[in-house]
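One structure, pasted below without further comment.
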Amino acid sequence: MSEPLRIGMLGYRFMGKAHANALARLPMFFPEAPATERDVLIGRDEEALADATETLGFDRYVTDWEAVVDEVDVLYNLGPNNVHPDPSIAALEAGTHVFCEKPLAHSLEAAERMRDAAASSEGTAGVAFNYRFVPAIRYAKELVSLGELGHIYHVRGRYLQDWLADPSAEWSWRNDAETAGSGALGDLGAHTLDLTRFLLEDVAGEIEELSGQLHTFVEERPAGDETRPVTVDDAYAAQARFENGAMGVFEATRNATGSKNDHSIEINGSEGSLRFSLERLNELEVLRPDGRGYETVLVTDESDPYIERWWPPGHIIGWEHTFVHENYEFLTAAADTSTFEPSFADGYRVQVLLDAVERSAERGEWVTV
Amino acid sequence: MSEPLRIGMLGYRFMGKAHANALARLPMFFPEAPATERDVLIGRDEEALADATETLGFDRYVTDWEAVVDEVDVLYNLGPNNVHPDPSIAALEAGTHVFCEKPLAHSLEAAERMRDAAASSEGTAGVAFNYRFVPAIRYAKELVSLGELGHIYHVRGRYLQDWLADPSAEWSWRNDAETAGSGALGDLGAHTLDLTRFLLEDVAGEIEELSGQLHTFVEERPAGDETRPVTVDDAYAAQARFENGAMGVFEATRNATGSKNDHSIEINGSEGSLRFSLERLNELEVLRPDGRGYETVLVTDESDPYIERWWPPGHIIGWEHTFVHENYEFLTAAADTSTFEPSFADGYRVQVLLDAVERSAERGEWVTV
Amino acid sequence: MSEPLRIGMLGYRFMGKAHANALARLPMFFPEAPATERDVLIGRDEEALADATETLGFDRYVTDWEAVVDEVDVLYNLGPNNVHPDPSIAALEAGTHVFCEKPLAHSLEAAERMRDAAASSEGTAGVAFNYRFVPAIRYAKELVSLGELGHIYHVRGRYLQDWLADPSAEWSWRNDAETAGSGALGDLGAHTLDLTRFLLEDVAGEIEELSGQLHTFVEERPAGDETRPVTVDDAYAAQARFENGAMGVFEATRNATGSKNDHSIEINGSEGSLRFSLERLNELEVLRPDGRGYETVLVTDESDPYIERWWPPGHIIGWEHTFVHENYEFLTAAADTSTFEPSFADGYRVQVLLDAVERSAERGEWVTV
Amino acid sequence: MSEPLRIGMLGYRFMGKAHANALARLPMFFPEAPATERDVLIGRDEEALADATETLGFDRYVTDWEAVVDEVDVLYNLGPNNVHPDPSIAALEAGTHVFCEKPLAHSLEAAERMRDAAASSEGTAGVAFNYRFVPAIRYAKELVSLGELGHIYHVRGRYLQDWLADPSAEWSWRNDAETAGSGALGDLGAHTLDLTRFLLEDVAGEIEELSGQLHTFVEERPAGDETRPVTVDDAYAAQARFENGAMGVFEATRNATGSKNDHSIEINGSEGSLRFSLERLNELEVLRPDGRGYETVLVTDESDPYIERWWPPGHIIGWEHTFVHENYEFLTAAADTSTFEPSFADGYRVQVLLDAVERSAERGEWVTV
């Protein structure tokens, strides 16, 4: 048996916990996955870092990523968006595999550099668009690829959250353009746009043109005793035309009072249709050719993607399982030094779309992607 | 008791049946409504007209509307969109009340003339946007007006049908620009835009700017032995900004395989939210201030709008009941020579929006309304 | 053309309005239905009767049913349950057709006499179990009859209302054993048991044995200034075994806070399953052979039972439409002096089941039906 | 820090994996939980056992439970129902804590002995009714305890699966009376009855009387080249009366084609109602006092039971998380040698109900519990 892959993880909060948990669960559920060693946690706040190192099961921590990017086998880059480029590029240049959270970067220019670094590295580079790894989404992709939907006419994608609906909700780095790049657009919209590409690229092609809109409903927010300006969007919307002529309508917001995490995708084709919502991620609604209505499929059968690793039919999985699946796939690819999808090229393509939405919103006109 | 209002009805198919049925039902359920006499049916195909005259309970028919617009008390104008202007204007000039199907006209110019004719007529003029008369929508309006939603952030409106998803579906006047003006935009989108105005005009103001998109998926369709060109859109989409800063996302299509008549509206405010779908028109989903989730309200209580006229709680009403309600309101207004909403001015305002979508789609940029 | 059928209608409140409306709507939507004349309304309270005669469109009224049962062509018996037997039997003996509300009677003995009177009459006799005439239920029956469900294992039927959940809700005749026979059992349970027979008699046979339970939660209720005893059940439950071995579970209550009119039926077979709920009566959920989940079918296509008479796909019908359908079928049968289903024999069979539930509840043991 | 609790686990398939996973996840998500050592796995098939020992992360395995029940600190008894009594009693007599899968035993007599052994042991004894640990169920319990439902009128509990709907599905120990005690009744019904007690014991009291029914639809099933008799029920149904007069209707089946794991509970009170379904276990439908309809609450807020340990609002958890919660609570109780609920006394009470259903079904009459 080969040596375990040494993991360095930059970031230890929400995403750190999600990925560390995924690593911890692989041996029991995906025993053929490459062995890993949670070697080093990377951060800035030493006290919080020390705590997290213990809780998340790492051997040690450092506050300087430069010290370790060439020591570890895999760098998990889970920092704020503007921290994605430098450590990822340095790691890739050192031949270290890099698994980077989404969106790929805070700017198109940075994303381009990252894509190029990945292209010339021996390391495997992947973007953690975890919703590609929902079993119901994989099943949807199968149906689309089998041509069950016929010619694609429409796609609708929206991501509704409400944690900023209250004007007195606290400021965070996610409200800051310099750190995050954009707001709901990059945080939520990136997911939708990636998922759309995953599901439709083979049958509808890429988005060729789009028209976008950004809005900031609450322009400053409390941060301790002071207030800070919100320099990103609270919500975006966009319309798009795909290569095959299909129409796309997209939206994301953090101000949809009553929706916690409603990431929904709908696709209509000449023969069939699909509907998915993340809050019921074990289900896929399928309008089959010659069907009379949407069939609510509980995608938890043994034959469904990844499900045999888990529990019997009807024993639903949760949001976090998508991280186990993507970590399994990424680490397997890394151990083989083969490629992983979504790649940095995929991440870059999404960044092109994010950028196009911003450009379009600025100019008030459609832009060619 | 006063004389019954003599009704002249132009159009005797789908809409003719819906309005004739409404007239027939008023005496039993709204006994205080003005009495009516189904006097004359107006059309071109004499044979079909004779049949319809009997089935719909009219006294007689004519093939020439000019002969009767000043004889009757009320003209129901239910013809194709390009037949709306001339008879309506002639009737209004004669002081005849006019109840006109939506959209008001096939062009902005015609709509403007109609609005002006209504303004200077002694007759009452109304547009038959029947969805304003769904009890659940009236209840929604009450909640909005009471401020239950707080500051309005978002509105989403979409109207999904699928009768043109099959490329071999037959051509009809609804596919012809000259007759219909536009396709899904004017037929379905007009409903959504009117409903949005009805629900939000007091709290979010009008749409100030929008960016639209039109698409024709199937460019010609069979018409008997030949094919004819489709000169209108199969689908439209639009984004909008309201006076108060709210974002709107709109869409309608006749190609959404699996959806028959899914007209859905969602509104998110800082305090609450609403969701409605026409296929379940007795229900309203309400996120109340401090609520933890959407409450599915069956709007069939005795205290709900119009419901005491019908059946006990939980005994649902159908689509056609909206016509009974709007006929009751329109005829009551006409008998009093008072005003009715939606008026021709309201219809004109929707036409301005339809026109703005078309202009924006043509230019590929946002337009000010 | 033959003479219109003269209608005598006993009862003019909720059910009177539902049937009078149905009669009024037939000419426009079912023009081949026999013509009818709303001849005479029968009741006791002369003032209310005079009002209803006008509103419901009758020519005259009488307070003595005996005076008219042999004058009219059809007697609609819509009175309280204990008023079903005598007028119905008298009418049938006079050769008058009788359409009687459900349950057939207030006691098994009376139901037996009614069944016998029908058997020896030249008049057509029918019981107004209107839910057999919901298009979605007709469609369900087709699927069952085609064998799409395979061997039937389970049926679940429940009818949940909440108008007596509040202990201070007013006493009415429906709370009185002498008048109503039973409470939720006869009022709501009769519907469920009839619907079950309609859907399953061909494939699962009749109920052979059952075990029942009755409960009165609130033992007296206000009636003006006094209180009166509630002498019927607020709720019943029953378990059953069908001829083919299938298991049935039934329940009805007027105390299910939050449910207004939730009459639900579920059937599971070896190959497929069905689910229906009255509050969404345009829909049927179908688990097809080899299906992966329930398909939500909007039973409003032109090819669906009765639908072509009404509106295009997705334009939903309401509760009252079931009365139009059953009146069409009943009057057609009466005009032909042929038979109608559900017949008085069907009504009697339901009464046998109601009686069995009561006997079982009394004895605390299973009873053979 | 104290020594880790040494775990002996009897059973290593479905339930073994569920509990081993729970143990493995505690340190990261419930860091204050007692430390554990997965010491020894107990089974009969040495080869499968060796594999599972590695996969599930145990140090060793034995094929003889007697050898280890006094060596370990905690015995997880996850064997077939008839293997619950002896090892559990031996362990409790040795002062070892015992966490036993449900139902407590295969017979009432055995359950009684187990309850008594627990009562006189120093070890903590618990039954793994995991559905008590669903956050939505905990939230439901809070609402009930706060009196939000008022006086309880009705409870409905059903558990629908379909893995035996196909008559050619394989025989297993779950079809054998000697091993399992009963079929759907003990496997699924036990969950429903425990959950009902958990939610309602404080407000409606215990079930006092019930009437039950059992049915075996398929009387023999293939087992390799032969067939074996099915000696347990495929389905049960029961009606019940609670101390406070509430009515209960219960059902479970393995033959509900189309339902994988639909464990649903509904409660109606004079003021409010609740609905829950396991296939959407993150949701609770709540009819609040003065509410107009059921509110669909996504029970994933930080303030909801156990949720702050996991992910942000709307990031749903899965079925397996219930095992983490119950292991946390059980191990915490064991480390403190305090009591855990559901206790063996609770498990015994459920067994009394299971036995009452069987007695009632046999006799065809209601039985007092």
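Going in written order, the chains are labelled A, B, C and D, and every chain counts its residues from 1.
The definition used in the following text is that contacts are C-beta pairs under 8 Å (C-beta built on N, C-alpha and C of every residue); 3 or more make two chains touch, one makes a residue touch a chain.
Just so we're clear, the structure is a prediction, and the values are computed from it rather than from any experiment.
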{"item": "Fewest touching-chain hops separating chain B from chain D", "value": "1"}
{"item": "Most distant chain from chain A, judged by the mean position of its C-alpha atoms", "value": "C"}
{"item": "Chain centre separation (chain A, chain D; CA means) in Å", "value": "36"}
{"item": "Where chain C and chain D are represented by their mean Cα positions, the distance between them in whole Å", "value": "42"}
{"item": "Multi-chain contact residues (two or more partners), chain B", "value": "259, 291, 293-294, 298, 301"}
{"item": "Partner chain A, residues of chain D touching it in the complex", "value": "14, 17-18, 20-21, 24-25, 27-29, 31, 54-57, 161, 163, 259-262, 278-282, 298, 300-301, 310-321"}
{"item": "Chain C contact footprint on chain D (complex, rising order)", "value": "150, 153-154, 156, 158, 160, 162, 165-167, 211, 213, 215, 217, 235, 237-239, 241, 245, 247, 249, 251, 253, 255-259, 268-273, 287, 291, 293-294, 363-366"}
{"item": "Footprint of chain B on chain D - complex, ascending", "value": "283, 286, 291-298, 301"}
